[in-house]
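Every chain is named by a letter (A, B, C, D, E and F) in the order it is written, and numbering of its residues begins at 1.
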Amino acid sequence: MCLAIPARITAIDPSGQEATVTLGDVAKVVSLALVDDVVVGDYVLLHVGYALSKVSAEEAERTLALMVEAGLMEAAPSAAEGR
Amino acid sequence: MADAMDAGRRFSARLDLAGGVIEMSHGGGGRAMAQLIDELFCRHLDNPLLAQQNDQALFTPPPGRLVVSTDGHVIAPLFFPGGDIGSLAVHGTLNDVAMAGARPLYLAAGFILEEGFPLADLERIVASMAAAANAAGVPVVTGDTKVVERGKGDGCFITTTGIGVVPDGVEISGDRARPGDAILVSGTLGDHGVAILSQRESLGFETEIGSDSAALHGLVAAMVEAVPDIHCLRDPTRGGLATTLNELARQSGVGMQIREAAIPIHPAVAAACELLGLDALYVANEGKLVAICPAAQAERLLAAMRAHPLGAAAACIGEVVEDPHGFVQMETRFGGQRIVDWLAGDQLPRIC
Amino acid sequence: MKYIDEFRDQTVARGLAEAIAAAVEPGRDYRLMEFCGGHTHAIFRYGVPDLMPANLRFVHGPGCPVCVLPIARLDQAIALADCHRVTLCTYGDLMRVPASGGRSLLTAKAGGADVRLVYSTQDALALARREPERQVVFLAIGFETTTPPTAVALKAARAEGLTNFSVFCNHVLTPPALRAILAAAAPDAVQIDGILGPSHVSTVIGSRPYAFVPEVFGTPLVIAGFEPLDVMHATLMLVHQINAGEHRVENQYTRAVTETGNAKAQALMAEVFTRRAEFEWRGLGWLPDSALAIAEPYADLDAERRFPVEVAAAREVKGCDCPSILRGVKRPTDCRLFGTACTPQTPLGACMVSSEGACAAYWSYGRFRAAKPRPAAGRAA
Amino acid sequence: MADAMDAGRRFSARLDLAGGVIEMSHGGGGRAMAQLIDELFCRHLDNPLLAQQNDQALFTPPPGRLVVSTDGHVIAPLFFPGGDIGSLAVHGTLNDVAMAGARPLYLAAGFILEEGFPLADLERIVASMAAAANAAGVPVVTGDTKVVERGKGDGCFITTTGIGVVPDGVEISGDRARPGDAILVSGTLGDHGVAILSQRESLGFETEIGSDSAALHGLVAAMVEAVPDIHCLRDPTRGGLATTLNELARQSGVGMQIREAAIPIHPAVAAACELLGLDALYVANEGKLVAICPAAQAERLLAAMRAHPLGAAAACIGEVVEDPHGFVQMETRFGGQRIVDWLAGDQLPRIC
Amino acid sequence: MKYIDEFRDQTVARGLAEAIAAAVEPGRDYRLMEFCGGHTHAIFRYGVPDLMPANLRFVHGPGCPVCVLPIARLDQAIALADCHRVTLCTYGDLMRVPASGGRSLLTAKAGGADVRLVYSTQDALALARREPERQVVFLAIGFETTTPPTAVALKAARAEGLTNFSVFCNHVLTPPALRAILAAAAPDAVQIDGILGPSHVSTVIGSRPYAFVPEVFGTPLVIAGFEPLDVMHATLMLVHQINAGEHRVENQYTRAVTETGNAKAQALMAEVFTRRAEFEWRGLGWLPDSALAIAEPYADLDAERRFPVEVAAAREVKGCDCPSILRGVKRPTDCRLFGTACTPQTPLGACMVSSEGACAAYWSYGRFRAAKPRPAAGRAA
Amino acid sequence: MCLAIPARITAIDPSGQEATVTLGDVAKVVSLALVDDVVVGDYVLLHVGYALSKVSAEEAERTLALMVEAGLMEAAPSAAEGR
């Protein structure tokens, strides 16, 4: 129900109300009624035909780095060897 | 004028294939129906058996066991990237025949047309059917046409039946999967279903994916030659790979263990599935097959598949296991384990 | 697919699994409630339990809007389509949910009601524009994620002067449900050591509304994305809080969730909706201040007022353990109907109707765990 | 509980055959469809080949030439005096097979069901189909089910395909009628069409006439044994006797001369036709055949037909004549002469 | 079947054939016009011409209401169904009649118009009662036979207060058409030696209205039943009058026709309908006082007033000889389109559209006569 | 179009507005709105669902007799011999 997918904005309608987003090679037109200040190239969370919020590239990088770090840092020595 | 007096050899005006539509009389058994059969069906599907114009086709089969299979085709839309209901009706049934390891011999086709259906669309469908049948080397030797009132049908339904001959020594059946057997697929999964969905205006997405609709009997012939002891073959159509594996597990009384990472899926199909909240394992295919064979033959079979254009992306995706519960289980790409269950409800309506 | 594939990476998962295994203290139980159905679904679909240590288990929460919709509201929707012959539009998730008398939107449709599946409130609007002779009712359900799109549709209908569009509103709010779970008294109380907080709901409402969780109930909460690595990462963050005896709201899903959320969406909701004094939640009962109704300025677009229907009081199926499961007190396999009378094909209770419901997810993806011994290490080979 | 965990061997609740209806999921390829096939189709149509549950049936045909024929059935109403779409779908196709002089061996059946169709009606149809197939000794060995959205179908369409074997020495085809040949019919004409029309509420008439729907291969076997040199056989279904004779005249390049007084027509059928302004020669049959044989064999063939219960009212109705125009002409009961032409338009919609 | 089979008896037919053969005077031509399509149909269906002497021939008249309906009226009916989305009910005979632009009610239906075949005006009324949300228009055509049932329906609709039923009236009158045929001046004049008068029309109007035929035009007229023996019997009666140089109205069909006809039916028609000043007849042109319109008290049930439509002027197919055939000047085989471009499956003109039209009857039952030598004796073996 | 068939009245509705008629073994309900004074046993001409007029048994007999007589009386001697 709350499914939302990150997709990249490739074009914004002149009205500013709609945008074309792509996910992989798949393109779709979505409503921009719920977000402000998006530009082509931005990633947005796509939910039931609406862009629900922007996805922050920096935060995504940071989170991933934290995850990787957690695995490296905190794993038990035995498990780490197994890798 | 003597010509004009003929009882039935010619028709006063040709069918209006450009602007005409199907009327009730095209199914009424009278002259309008005879004309439709002559000027549209027989013209495109032309072959000696059909030309007999009897209500049945007569032929002498080659020696050996035969198989027969029937499939209704009710796809919407009728025309889609990579095919249409005409080519699909040929491929869909040829493949069911081929899944017995058989060489298809003949096709029969029954049309149910809706009043008001454009003759131009019907001709396009029949021409496509003829092209697919020709390419496959399997003629449509007999047929039938019915017309239903507007609002009682959906343009065009086609039920095709195929007959084929099974080579000696081939024993392929859904109940022959045995623990230890290898599970192979012939290529990427879900292409057909995604291609159809991309045509639904309400879904409003665009993709370059076309249907994989294809006749697989050539591939099957190559596979059977390489490994006569194939245990099971099935085309994962409605319900996709997941449904086919569950069917085979149920029929054979075994479980299956597959690896998500080994399953070939086109990136655009994966993307469309994410977008729609679908699972590609349940999405239909019309030009793919699942094969199960003894593990020792798997490499040989895979090589034979990959050597054929329709099996270039073939992969071994898992193995048959003993399981009194009959589960199809999958090691996820993520490293966990899950069931790949029967579909509850329908994931995608009217995709074949 | 960017921002998807990276968060499903098996190598990173293995690292996180090892980190969690290393972090948990032996002899201590970690009962983490994932509030959202999206989390439940991800946990089962990706086989996350196999990667968890034996003393950490996920408790499935009530965060599936399909599951918590009370039967009476669904009966009302069906009556709308039946009696007023309206065109009822709704999201696919709702189609198979059993209503009273063995009915569902699907059987109503099979029986001739004009029920249509839409993918967006935009589709429902388009339908109303295209078929002006039909009364189109959008059957709206969902948490704060799905609510703003309904608000947009109502504003558009008003702006265009569409007289054949209305909304049957069943939108519910996350924080009150969370509060109800945590506030439940024995015997309905369950010990929850930490909470995986809503993902996309939080993109709209922000992280602030969860402050009461640690403050009032002393329970740690980590807002987590819906990808399996997000779930594992947030799990590790909760384990750290629990081990440290801390209770804070943390945000794992920083790439989409901020402290204050989506102000534009919040403003829209505030304009178009108003809080109901109370609303029934399937499995949880009547909760105060837990749902939205259409606000007065939009009252003429409220299907409840435009098409009044009377429905008899609905009854839950006897023997269904959903109320306990939605509170985290029982597991799906504790229900004696699970897998016998109740399956995703013939769902009897709330938790089986949606693929995000605990019983359905457990049945569809995870029931092999009950059927045979769990793999030795609980880890991928 | 272990049982409850099974992947697919049983279903949690039986199909509600009393009150349930067809839903889209019954055609979706998932568990609902598997259950429908198990608990309804396979239960009634039970036979070893169908029980293989493959997408095709495998069999070893007897030696000799085979025939295949296919027919869609779209009749409204689905239930009528003397039969229903289930029995009709069996008889209609068996008869087309038999009209080659063949012994039918197997049937395939493709169902196209409309969302909302009552399962109780479907069961009644499938049970009737099974009874007809059993009585005929011809099993339904493979099938298919599709479901279309409400409003895109008309309850239930069934396309059946039949396979049969032709005895050596038999050469029956629509192009073999020769001037001088005798034209025979196996009994009263128009019963089926009138029975169907009597069910149309809008026509508002009542009659005791039931459909003649029947499997004719037993009669054909007796005929072929008596006169192996039968030239043509055809069942006068849609379009009735008039259409069948015109078809045969066209295929064989001959004319026909028949006598109205010799054509058996049940008085109630004649009365209904008067009432509706129809011509019984154009009204459909589902248990009658037209046979054409050398004049010298006509008496012998007629005797064989009359000795069979389905041919008790058989009659010789005329002869094949030379005619470059291909006219079917009739001496009227009144003593005049007229053409019995192809039907223009459709006389009766949806009667088979 | 009583009163049917007796009048198709072959032995009696042979006797009448011999009587006619004996009665006709050699060297004299007997050109008898059968006014009604019902006669035309019977003549061909039973092969009556084969039983007639060579110097007696039937000339086919305009008495087929389907044939004489002008194209513009049919265009109007189709426009009604198309533009006003009404449910158009009509008798099956009209379905295939070609309108302008290659259309017909059948193609309109195939194209989505709601056209329904009814067997009685009662069915159209029942439909209007059953589907109150639809506007049901009965497309009424026919002579005085079919007119009273339309009158009954209009009265019933009024009595019941049905607001969704109306009639598109195309009823025409027999005597004016008869007068037009007989009054035609050269080159359109045809020598008619006698007339087979209407059968069922006369059960309603009686035999009296034909008095002008002998009185004004000096032509004998015998009202004849539709069974083939009736046709032959009336033929013999006409031969007798001709031989005797007499001209009277005689009634062969005494079992159903009286001098004054059906008073109840006449009263109904007089109440519900009024005469149009003139009306177009396909093939005959505009004839004064030849058709009925709905009378003022029933004006609100008149579909022409309720659903006004504009249609372009319609054109007859070029080369169609119908006008001459309907006047008896030409035979079907004289038309160069007959059997080539024009057949019952692809009718181009009025006479081919109905099975009672002269061209259609000739094509469907009789064209072997042109294709091969006529049987020697012209009698049954 | 003007097709009308003689059928026998087998029952009259209490309202007097409808009757059941039979033709051969075929039964049908028809409207009596256009005829007066019909009784069970009468034959009526049935036209588009209405009884259009009564059929006179006496006149039918008389017409048939006239036809037969015409054949007997007026046929040429040679033809009469052929019978």
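Everything below uses one rule, namely that a contact is a pair of C-beta atoms (placed from the backbone, for glycine too) under 8 Å apart; a residue touches a chain by one contact, two chains touch by 3 or more.
Heads up on the chains, UniProt names are A, F = Hydrogenase assembly chaperone HypC/HupF; B, D = Hydrogenase expression/formation protein HypE; C, E = Hydrogenase maturation factor.
All of these numbers come straight from a predicted model, not from anything done at the bench.
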Item to check | Chain-contact steps, minimal, separating chain C (Hydrogenase maturation factor) from chain B | outcome: 1
Next on the checklist: Do chain B and chain D, two copies of one chain sequence, contact each other through the same residue numbers, with over half in common, or through different ones?
Outcome noted: same
Item to check | Chain pair showing more contacts of the two, E-F and D-E | outcome: E-F
Next on the checklist: Need the most distant chain from chain B, centre defined as the mean of C-alpha atoms.
Outcome noted: F
Checklist entry - Farthest chain from chain E (Hydrogenase maturation factor), comparing Cα centres? => result A
Checklist outcome for this item: So, in whole Å, the Cα centroid of chain A is separated from that of chain D by 61
Checklist entry - What whole-Å value do you get for the distance between chain B and chain E (Hydrogenase maturation factor) if each is reduced to the mean of its CA atoms? => result 55
Item to check | Rounded Å distance between chain A and chain E (Hydrogenase maturation factor), as computed from the means of their C-alpha atoms | outcome: 77
Checklist entry - In angstrom, rounded to a whole number, how far apart do the mean CA points of chain D and chain F lie? => result 38
Item to check | Set of chain D residues in contact with two or more other chains | outcome: 2, 5, 24-25, 30-32, 204, 267, 270-271, 274, 325, 327, 339, 341-342, 344-345
Item to check | Two or more partner chains touched - positions in chain A | outcome: 3, 5, 23-24, 49
Item to check | Sequence positions of chain E (Hydrogenase maturation factor) contacting 2 or more other chains | outcome: 1, 4, 14, 106, 119, 123, 343, 345, 367-368, 371
Checklist entry - Touch graph of the chains shown: is it line, ring, star, complete or other? => result other
Checklist outcome for this item: All chain pairs satisfying the touch rule are A-B, A-C, B-C, B-D, B-E, C-D, D-E, D-F, E-F
Item to check | Complex interface listing, chain D residues touching chain F | outcome: 204-209, 267-268, 270-272, 274-275, 277
Checklist entry - Residues of chain B touching chain E (Hydrogenase maturation factor) in their complex? => result 1-2, 4-5, 11-13, 16, 19, 21-25, 30-32, 35, 115-116, 150
Checklist entry - What part of chain C (Hydrogenase maturation factor) is in contact with chain D in the complex they form? => result 102, 106-107, 109-112, 333, 338-343, 345-346, 367-368, 370-371
Next on the checklist: If we count contacts the way the header does, which residues on chain E (Hydrogenase maturation factor) are in touch with chain F in the complex?
Outcome noted: 1-4, 6-7, 12, 14-16, 18-19, 21-23, 36-38, 64-66, 91, 93, 119-123, 141-143, 145-146, 148-149, 152, 198-201, 203-204, 226, 229-230, 232-233, 236, 252-256, 262, 264-265, 268, 354, 356
Next on the checklist: Quick check on the complex: what are the chain B residues that touch chain C (Hydrogenase maturation factor)?
Outcome noted: 202-204, 261, 267, 270-271, 274, 323, 325, 327, 329, 331-339, 341-342, 344-345
